[in-house]
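Got some structures for you, see below.
Next come two complexes, and both contain chain A; in the first it sits with chain B, in the second with chain C.
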Partner chain A sequence: MSVIPLDAADEVATEPVPPARRRRGLPGLLRRPGGIFGAAWLTFVIVASLTAPLWRPFEPGQQDTANRLALPSAEHWLGTDPLGRDLLSRIFTAGSLPLLSSALMLVVAFGIGLPLALIAAERGRRVERVISRVTEVFLALPATILLLALIGVIGNRLYPVMAVLGVLISAAVYRVLLGVAQSVRQRLYVDAARVNGLGSLRVNLVHVLPSMATVVAVQAAQLFGIGLLIVAGLAFLGFGPGEPEPSWGFMIQDASGYIYTSPWLMVPTGLVLALTVVAANELADALAGRAAGARGTRRRRRPLRRAVAAAAVPDGTPADPAAVLEVRDLTVSVDDGPDLVTGVSFSLRQGQVLGLVGESGCGKTMTARSLLGLLPDGVSVTGGSIRWQGRELAGLPETELNRIRGREIAMISQEPMVALDPMFSIATQLVGPIRRFREVGRSQAKRIAAELLRNVGIVDAERVLKSYPHQLSGGMAQRVCIALALTGEPQLLVADEPTTALDVTVQAEILSLLRALVRDTGLSVVIVSHDLGVVADICDDVAVMYAGQAVESGTAEAVLDAPAHPYTMALLGANPHVPEGEPVPERLASIAGTVPPPGSWPTGCRFATRCRFAQEKCTVPFPALPAHGAGSVLCIRVDELSREHATWTPERAGDEIQPGAEVLAPADETAPTAGVSS
Partner chain B sequence: MTAPAGATALTATAATPALEIRDLVVRYGSGRKARQAPPAIDRVSFDIAPGETVGLVGESGSGKSTIGKAVLGLQRPTSGTVKLHGQDITAMSLKQRSRLVADLRVVFQDPYSSLNPARTIGQTLVEPLRLMGIKGPQAVEKARAGLESVGLPADAVDRYPSQFSGGQRQRIAIARALVCEPKVVVLDEPVSALDLSTQAQVLNLLADLRDQRGLAFLFIAHDLGVVRFLSQRTVVLYRGQVMETGPVEAVSQAPRHPYTVALTAAAPVPRPAEQRARRTAREAAGFGTAGAAAPSATGCPFVPRCPLATDVCVTERPPLRLVEGTEAACHHAERLKDLGAPHRSQARGGPLHRGRGAADA
Partner chain C sequence: MLAYVAKRLALAVGTVLAAVVIVFLLVHASDTTPGAVRAGAGATAERVAAENEALGWNRPLWVQFTDYLGQLVQGDLGTSLVDGRDIAADLADRLPVTASIALFATLLSGLVGVFLGVTAAVRGGRLGRLITTGSGVALSLPAFWVGILFVYLLSLQLGWFPATGYTEFSSDPLGWLSSIAIPVITLAVGGAAIIARTAAAGMREALTQEHIRTLRAMGTPRWRIRYVHALRYASVPVVSTLGIQFIALFGGSVIIENLFALPGLGQASQVAASSSDFPALVGVVVVATVVVVVTNLLLDLVVAALDPKVRTS
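Moving on, here comes the complex of A and B:
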């Protein structure tokens, strides 16, 4: 009777609900119509039933023989039953039994299932196995027969019956909650608390349980609905409180006898029962939906909104005639929100590799994704132009972009395991796109798939074709992803942090592979990285990004060997990989503070708040200056700094433990922006 | 300053080590299948002197975190001992450990999952103090001071983790580890989830705190460059076994084990010309692709990737032995120059050991 499948439960639970979110949670819940309805109706039914003796217009047993089977009237709002008893009074008088006994069932089920799940998750495999075996026995018991047998022994006493049902259901509750508890226990703050010596009870109460709250609530709401149905069902079968005591099940059974002569009789009771069960389920859905929604799992693609294709060559910069890709003044914004990328320009020749480098949150990923029109929901290109082989891509409708994606421009991403579908073999995942892109038959597609795998350096292609993603190592999976990207024989590959998740030795292999592809097939590559070493290894050109702008660009050699922009200098200084033979510095160069989020960029130089060389004049807007040959640099003091041979020197020892080393943003401004990162 | 100048694996100081790991073996799981698989940690031994930082490097799955967990008591070792200032803590419960005078704390890699999102920073920091009997306003005062000691404003106590950036969260995690004034801290990849400039801030902070308080660090990382910055000695791990160990400068500048050479050569440097030369050298050395499993459990685990491998490597596990200043577990360490590795003499530009304390001396 597990109500949500295990992994769905885990999904729901993987994100703990922080208080900030919880505060926003209730309105969020109420924004779903089902959630409002569920919460409101349940509250109403519970309050009305428990207080029925105080307000009911008639005693539930009081017969009005003149008014049998009456339709609703001013006197009897919901009509009367065959004995002329007031339905409204009877329905709500009857309500407390199913509601309370279902609640009892819940208390018993969770009272047993939850602690067992916590214990099993904590004590490790052996204890878990024992508990799981026992609960399996419970799950295998025929619950209905047991309940009926029990009623045979103790009579129609619903509270003990529902309590026993709670015991049986606790096995299902345990099953679902175990998975959740195990995943919460893997979070590092649980380990940290244990290292601190926190007792097991407190670890569970303070660190594990709160993160399980949503799942518990979802489960409880659903089980509550089921409990109501079971109580009603038992009463329907005659195992409820006997006449003249009112009960929902018996009233429905009674009404079914008059279904042809007085159909109304069925309506009030049936509706209240149905609505209550539906309300419990709706509430459960809304709770589950809120948890899932909070994870930001929405990732539908949407056609680019309007895009302003500005003049291909603004501000007189001569477009490189040999460039295959020419990006000018690209602006990417959140719809009705801040800009994420502004005025980014670069060009790329065939067979060249361009690196976009910078810290997270600087707009690298947004820039790269806009090349394929693959921006997240609610984000679009709002200015500038992206010319690909002479064609304007900004503002192109989704259908046309779709023709370009995969065939002309392909993409690989940071997490190879996420890009591959765990359900299908590698062969299946390669053959589909090959057949689509190359219009060949299945057997030939298979041949091409093997060849592609060999081209990306996989020796035993046949074996890999037969495997499933989880059977591959990270490096192997990234090779497969590259092969997948090559199925449409693209001329441009956009690689977003393709090696970040990999070991250095594997990273070196993947970079060698990309380099070989560029050399042998004339592929052009735009690679996003935060690692200047990767840029030095593979890129011909580089654009250093900071807060949505390209602050310095040029050939990789010029930019890395003779950085002109203070931000580039700082990044290089922060890199602990010192040149061969040189000693490691006592302290590294670092940049105080953090990248300002979109929407709160300073005017003038966006780096000014963190720059050691900032002056008054840096805070007024200024244009980029040409530098490094065909590149540019966005710093008003660039000439002065180069005359002064300015360098971004390391900290002094002890600087980081001075009070005030870190300055906090005001509390309300630190909320993450629209889940957009790059 | 407490860093013992010249303390190396070879000439262990007379003082009791802050942390002593002997013949550590860790197997995950139970049952026959698990017993037949090679253990996650296979006979690992090393010491950390008081005030010393030992860097533990290796690629993903090499067992770095497992060693950290075994030291912290989060994972029960299959065999071997862990001693903290001479006291055997291998079988001690977490609660008992937290009451030790020179206790042991931890900073984890992921700044996002290592703080409970539902608790304020103050609550998080006060928690370990309460267990030591420090309560109420006194504990809050200590928490505030702890935040200031890692460069954060004291009023951060009232905020929730979601209001901090990754680097700031890592400072908080460091503050939590240090409020109880431990002597030994396990740092499990404390900077690998951070951006470069933030990584530099946190590394500087760790160096400052260590110098100020004479802390001993077990510093786990996958990046030799980062390890070289913070550590005095390093232990290179591959598939649960120690491949090489010695002073950090010696190991990173003139490695004596083919795996260390592969690891060093693969890390890209941000200088295009130098990187090109390194890449050429690495490609010429001819290391096999990562991921292949060793053909035999009894031999050297690096056989499938090693350009120097011979028959003896398949049949016999090489013991750790002294090779020109470091200890390396390789039958053919003397032939390493065939891989283009620099000679030890070449690297002897400055003092081999550059401990913080040594630098001052």
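Moving on, here comes the complex of A and C:
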């Protein structure tokens, strides 16, 4: 009847919301203009229609022959129909039938669909299969024509017809709710409740149903709108309450006959019907939180005045004349929000490997991605300089950066399995950039692609070229990603946790591949890792990052052998990798608390809240001190600690770990990390 | 793959069978009998009984059912109770009308919807919000009301197209196109709105994928990232929705054909429903179910062709 498919409800298969997080649902709904409008108009129409006999100015059948087809007037607010009947009275008298019969359809649809979904989710695959097959058949039936067939058999009885429609629609309801019920059931707390001996009914009532409430509400609102359109459509075809009873569909049908002489006639009824359906859909949208879907995706860049100004200071006088990459005082911030990285400096020579290490949320990835200008939307470089072969990259326009990406600086990412385009074969994905970078024909590009794959240790290159990403293993995918990064023969490779998502044996293979590339091609690498083993394995230099700062830097050897910053000591103490020839420690050290999120960093030393050696003087800001030759360390007590031969040893069993200074506030463990993780 | 195709085919046959069973039972549960319909109003009870006897209505249900199935397999849908016309031939004449309107409307929805949805996702901002809100309203509008508005605008005010009626393609191709223009545009309003939403959501999701970042890191031109890679990623849900759309428009044809006086399947089902012409009702349901099932099968094939994960598994 309507142009809306019954499956439209599928679109809103939103994630289930655990009960605890639903509390803000209602105010959130009312913050959206669409939600306010939807709720208000629906309430108005429902109340006005159900109470119409009490307030309507005229009887719906009362004819005012002097005032036929009248425009709105003080007497007839919405005008009159061809028999001079009052439109306002007729519209709202007609309202209760579509509203109530759509409600009946909803009750039937959910009355069948919801229990079926719960049963299918609970009873496991076999039951689910049977129910799902049956509903698939139902979904494929032409609902509209079946309804007409039903009317042909039982006559114009709207309530039974809508109840049957409810049965047909229950298949769509089931399909959406099954997905939600299954994912709720997989939650740990549902398992826990079952283990605790709650009966099946109670588990469903207490845990599963509340989590499904949002999805049910969204679906109900949407289906309600569809129901209204179908009732009106049936009445339009003449399958509604007959004259003189008013109905929305028939009033529009009636109006279509007078469109030459009185076009106004179709406006009030059509508008009320349209607004009611719009209201139901807007309410559904607001419930699903989809109104926010239209967020601007356009990138807003803050002007980089600070960056350019800062870059002007060390201009022409790089600290290390041999450095190809020179990062000075890099600051990365959320637009109109907190800083994510502050004052980070490091440099890199050709053919060297620099490691950025630290816990998650320390700004390593942001630092690495800023080298290519690939920060997430709403995050940008707001200070400092990134000099690449004498060129300033910070603040470079997108088009300029695009010329550098791939050709001079390339990147491989954390998760090789999702880093490749799932829709295209490996050959297509390699040939495109090869042709662009090396200006060769298709067949030669294909040869180069195979050669690149062999260079990264893929033996059956021909087969891999024909494969799609989902057919590759993680290690294989990462090799392909490395080959992809090499298509433009870059001089710098930024590797963001390149081994984290891989198996341990594969990790070692990828690292040795990177090492071989550095050795054979003179590639420079910036590698991000939380794993000190990786650093020890492959890096020449290292910068240890904590809470957006580089707290210690220097050659990998010096930093790992003689850590000067307590955080580096702690990381080493917590590292399960044991160098050869040393005894395996009985216990590993731990670091109390978590990294403070951006925006809540303490003044002074940002590690002080978790540091065993923290004292009151650690709470005031201080500059970085030179260390490890060309490196630096950001700790005011570095000399004292070095005199005392301080080490971050494992705690004895049973010891409570106390962060050092009592003057410091404990780290806020509950605050979210501003949605940006390292 | 073969097992998959076999399963889909089995489901398709099962669906058609289910539809036949449902309408067959429905007709037999009715309190009117085909004899009464054929004899017309005011016929004597003897006359009705004689008609029922002649139609084989009094035979056991399963005999009638297997009989009907046997005829169905041979493409025989019986004759109308009202005017005795051959139903299969009648529906064969009507099918192209409905199918062409639904097909054109689907294509138009696809073109307009993808354009709007991609624009909303890529441009974002105020324009994106406008498109999202506009499509939310458009998909809620009753097609018959929109149709009347278009008749008022495009036919009465601008005089571009005829308001109602159908011209045979064979007699006047241009006139045919012009006669289905307003119905197609009317159906495409809601269709385009749904496609726009799907395309916008798909593009937004696509643009946040990790592999898009890889492409950016490779210095891939922006138009290529958007219109080759992201659009390809979003194409699977869009094509699925287009298939559902075609089915929905096919069903929606009842109203449109009534409004514009088009001799299609929808009109046939309305007439059959209001006159209780049982064989015609069953016939329409069977044909409509076959169309839905065939569309779904084609859709599966297209999705498999688009999505390497489906294709290679």
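Please note the rule applied: the second predicted complex is superposed on the first by the 514 of 678 C-alpha atoms of A that agree within 3 Å, B and C clash if a C-alpha of one lies under 4 Å from a C-alpha of the other, contacts with A are read in each partner's own complex, and residues count from 1 in each chain.
In the analysis below, contacts are C-beta pairs under 8 Å (C-beta built on N, C-alpha and C of every residue); 3 or more make two chains touch, one makes a residue touch a chain.
These figures come from a predicted structure and were not determined experimentally.
In the superposition on chain A, A:405 makes contact with chain C only, not with chain B. By the document's definition of touching, of the two partners only chain B reaches A:474; chain C does not.
By the touch criterion stated above, A:199 is placed in contact with chain B alone, chain C being left untouched.
Once the two complexes are laid over each other on the shared chain, residue contacts for A:214 go to neither chain B nor chain C. In the superposition on chain A, A:413 contacts chain C only, with no contact to chain B.
By the touch criterion defined above, A:422 lies against chain C but remains apart from chain B after alignment on the C-alpha atoms of chain A.
By the touch criterion stated above, A:266 is placed in contact with chain C alone, chain B being left untouched. Touched by chain B in one complex and by chain C in the other is not one residue of chain A. The part of chain C that touches chain A in the complex is made up of residues 11-12, 14-15, 18-19, 22-23, 26-27, 29-30, 32, 120-125, 128-129, 131-133, 136-137, 139-145, 148-149, 151-152, 156, 187, 189-191, 194, 197-198, 200-201, 204, 207, 209-211, 213-222, 229, 232-233, 244-245, 247-252, 254-255, 258-259, 265-266, 269-270, 272-278, 281-282, 284-285, 288-289, 291-293, 296, 306-309, 312.
Partner chain A is touched in their complex by these residues of chain B: 29-30, 59-60, 72-74, 94-95, 97-99, 104-106, 108-110, 113-119, 124, 127-128, 131, 148-153, 155-156, 159-165, 167-168, 171, 173, 176, 180, 195-201, 203-205, 207-209, 211-212, 222-223, 225-226, 228-229, 253, 262-263, 265-275, 279, 282-283, 287, 289-291, 347, 349-350, 354, 356, 359. Interface of chain A with chain B (complex): residues 16-21, 125-126, 187-189, 191-199, 206-207, 210-211, 359-360, 457, 473-476, 503-509, 511-512, 530-537, 556-557, 560-561, 570-581, 583-592, 594-595, 650-651, 653-664, 667, 670-672.
Partner chain C is touched in their complex by these residues of chain A: 1-8, 11, 34, 133, 136-138, 140-146, 148-154, 225, 229, 232-233, 236-239, 249, 252-253, 255-256, 259-260, 263, 266, 270, 273-274, 277-278, 280-282, 285, 291, 293-298, 372, 374, 398, 401-407, 410-411, 413, 415, 418-425, 432-433, 436, 468, 470-471, 481, 484-485, 487-488.
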